[in-house]
């Protein structure tokens, strides 16, 4: 998924006509000051760190300014902060508005209903997880009907809006609905949605675009999300790769089998640290690349657990042997292997020639991997 | 329905990206000449009368020009023509293209399927009614699926287009489909759709917009269609009014009853000439207006056939009496009345007071109307 | 249930606070219909002629167990009203509203169908089963309980014909006015199987009109699947081709859908086609006598 | 028909000329499936491994009476491929393709449903009934005819478990890999009634994973409507919250949909939940022995 920073999310909102505070992003204290001096951002203003993690207000990543100098100093204080593991490289400066109420609104997918769902609460401005369920309304939207007038009216009722504000809400919902569909969004969240005078303003914007729709959204291609550098490389090579906190590297094929492998290792007392899902491939090169990637993550031991379907056992064995040839002696790691399924015999034989024994039992092989991970280095 | 003149239809097409010949509308011979001199319309060009009736080519309403002077003279020859009852007030000047094939394509509604339908033929440039059914392909489009790739491929196959031309067709179909939906069209017809080099060009454009969708298309409000002036007045007053060739005026309520009334009169040897459907109303003023309108059409006799439901008999009777008070003696016409249904007794009594007898039997009253229509004036 | 409605039908009137909505809510009640709720957004909590008004159909259904809707909401809001009824679980929606753009009706029809809701209309007088229930606007005075089923694309012409049947001393089982728009929720072909199955219907009167091919399709169905006698009438024999005759559906296009083709198809399917509407009651009585009914 | 497929299933492979399409067409044939046609626009008239290729699904259906489709068309064209299959009258579509945007799947799912077509997948290994038919990509070698039903959201983990059942000397009635995407055509709750009704299934193995509430919903169904013994396994116990685990569906959100909540719900519904995947065959054998089967 592509999680957009607040200011990028607001660009998307703006494109669809969602009302926003006047504001601009800045990448330096000086830029922040000049945005205020030029009147692009009116005073008083708020300066917000552009990070993906929540809880910025409490975490000191949001400040206020009444003068250009204060804007500069606030931006300076925030830029370069390490906020929950993210380095702050951008701040968003926005006019400070006089807010009478804070509401919550989001659009996402309800998997069980297989319908987009509008989530609403009159308790905005706090984490929605903390709001009591009785204060949250869910309105599913059928893609063939689109957002209907009666759903708009229901939303206004839930949020306690009437008259001009109800009309503003209907307009905003239509904008968000169009954005949700046209941008292939996974999540559009406005929290808080502020009542300002007789209008509504999206004070924050959380936008997640679906990865799978990337082919029709080249405009998001260059946007960083929350992957580690190795995860980013894996993504380019179309390998699912997640770094966790542990020392056993796991290479398996298929999300379910990979997860089950991690589970087994953990249940047996091991600490799986890297998970690498080959997916379905019959290209030995991809397997080689996966192992080279794994070698950069410096696992103590690697557990290879393959059930051959689309991915054949001999393909994996060949890719592994080639990877071992390429990895420098110093970066090598012990390998515990279990390859089953299509072309199992050939794969097992190829591994044996390279000095690696494939143990058919998942129980025994996983135990062996855990044992190796506990040995002194 | 709002039938657009060719040049207006092409404006709609252009808005959605349908490829068109370069051209411009002109309302005088001088304007035609200057369009050519300024290069707005390249030479050689074609000059076409902007009328709604078909068969312009054979009817002398299409001419060609190689020079600005010829353009002026051709425009002069066409402007002011009386073409099948329509006075030519506008001509469309367009570049003359080198055409290798002429195809047919339209989008309309299939009532039985309740689906939009794409009609295609490789035999373009002639009236589609004249094309053999085996040469016509119908592809229905589901509104929830939209126009799909496989439908586009099927269309290309039917029209015998491949490669670049198939891609051009897909693009054009998508444009037309969007226009059909977004403009609330009843009919979009391109005949001929011309193959020009390795592209497609819509040489003609027939666009009919649905009347009922007028509330979301104020842009079509001022466009004339093929109503007579009296029909236009009726439309403003929300009365269905059609002028035919006959001398009996019929005022009834509801399309079905009105048609049945005309049928009965005709079967009995009468010639119904004006049909006026009051629809459902309980406003005597509307009834009065309907009679005043009828009086302007100078019928020999008027047959009033009402079955009271939403429209109550007493309402109709009151409206009629008021109308008779307003119509000058010279424009009065004899009235044969039959009013049945809701509040029949009151209505009948009101008419009797005004000297009009309501005959309950449709058979007898219709016969009376026919008899009156045959009397010497 | 006779055909679609019976004494278990519980009606919510959408747009009840409008003039037509109020008038016909009263008329439906007078017919014996259980009019249990009205809906007008913003008017929730009020009453119209003793009928409680709610802000939404969902609320009306939750509170009154309404299972059918009669929609009077003007055309620009009609699509929304129908979608609301469908989503609230209403399974029969009679749409009286006229002038609904057919593009809207396409969405309404296919959406309702996918969710299992039957639409009658739009631009229709609705449905009535004398002695049981009426959802719509057909005048109460034309009815009398009996065994003649009526389906029609017209409004007032239906009243005329149904009234003629009553004045002849016969009565109706169920009468449905399907509406004459280009896209209707229920066509002849959709309605015919219900009358075929209905044990309370002995004979069917089918009232068609020019435009479209609904009558030709009905003839096809009747020929193969309909066992009861049919008396038919087609309006529009005198209409000139291509002229709009009030109903958007009543356009003769491309030589198909004429009164002549429709009448011929129905006769070929075994129906008796009346030349004049006032002949229908006699033809019905005769047919019933021949087939041993009545 | 066992569950969805049997020896009357006639498969058209959409995207047959692609590498995966060809490989699995061959594998399906080896399984005994009637692979009657392939479709690749522009390649009509050719053959792939003895299977005739057509330009459109309509043509394939007209010529070969295919009644099921196996879709390998890459994600950007997958929606179109499915709509084409539905419109051509295909009533079972197995979508192997991965990375289909869920917005596309919403249209695909609701459109297919409205037209009466069942989708399995997307991003799924498909369905197999050993000795009868296979539509999809599950390796042939893991199967053996028997009386254990299997439904799973995973791919290779399913192969692993089904293979374990075979190696234990048991066999399968029908195995369905539902796919792990956020929007799937067939969920556990949709598949459970088929296995309940299937006379060839004595016991069901349910393989779930973290994310969503499909397993909790399944538990609810099992508790009230499923009479056969259930052995379950949930993958992802060790997954940290909020990390994407390969499947778009495998995200733990808001404290719901964890392995613990799923396992607890299934146990409360009477299922036996395995701690390790390799325990499943023993548990199945034991359950079958207890209930007197086998």
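In order of appearance the chains are A, B, C and D, and numbering begins at 1 in each one.
Quick note on the criterion: a contact is a pair of C-beta atoms (placed from the backbone, for glycine too) under 8 Å apart; a residue touches a chain by one contact, two chains touch by 3 or more.
Bear in mind that the values here come from a model prediction, so they are computed numbers and not experimental data.
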| item | value |
| --- | --- |
| Chain located farthest away, centre of chain C as origin (C-alpha) | A |
| Selected pair, greater C-beta contact count between B-D and A-D | A-D |
| Inter-centroid spacing, chain D versus chain A (mean Cα positions, whole Å) | 28 |
| Between chain C and chain D, centroid-to-centroid distance (C-alpha), Å | 45 |
| Inter-centroid spacing, chain B versus chain A (mean Cα positions, whole Å) | 56 |
| Chain B and chain D: spacing of chain centres that average the CA atoms, whole Å | 54 |
| Residues of chain B touching at least two other chains | 142, 144 |
| Junction residues of chain C, two or more chains touched | 107, 110, 114 |
| Residue ranges of chain D touching chain B (in the complex, touch as defined) | 41, 55-57, 77, 80-81, 83-84, 87, 107, 110-111, 114 |
| Residue ranges of chain B touching chain D (in the complex, touch as defined) | 142, 144-145, 148-150, 153-154, 157 |
| Complex contacts: residues of chain B adjacent to chain C | 1, 109, 111-112, 114-116, 129, 142-144, 181, 184, 186, 210-213, 215-216, 240, 242, 244, 252-260, 262-267, 272, 275, 277, 279-280, 306-311, 340-342, 361-363 |
| For the chain D and chain C complex, residues of the former touching the latter | 110, 113-114 |
| Chain B contact footprint on chain C (complex, rising order) | 20, 23, 75-76, 98-107, 109-110, 125, 137-139, 141-142, 152-160, 163, 180, 182-183, 187, 207, 209-210, 212-214, 217, 233, 235-240, 243-250, 254-255, 259, 275-278 |
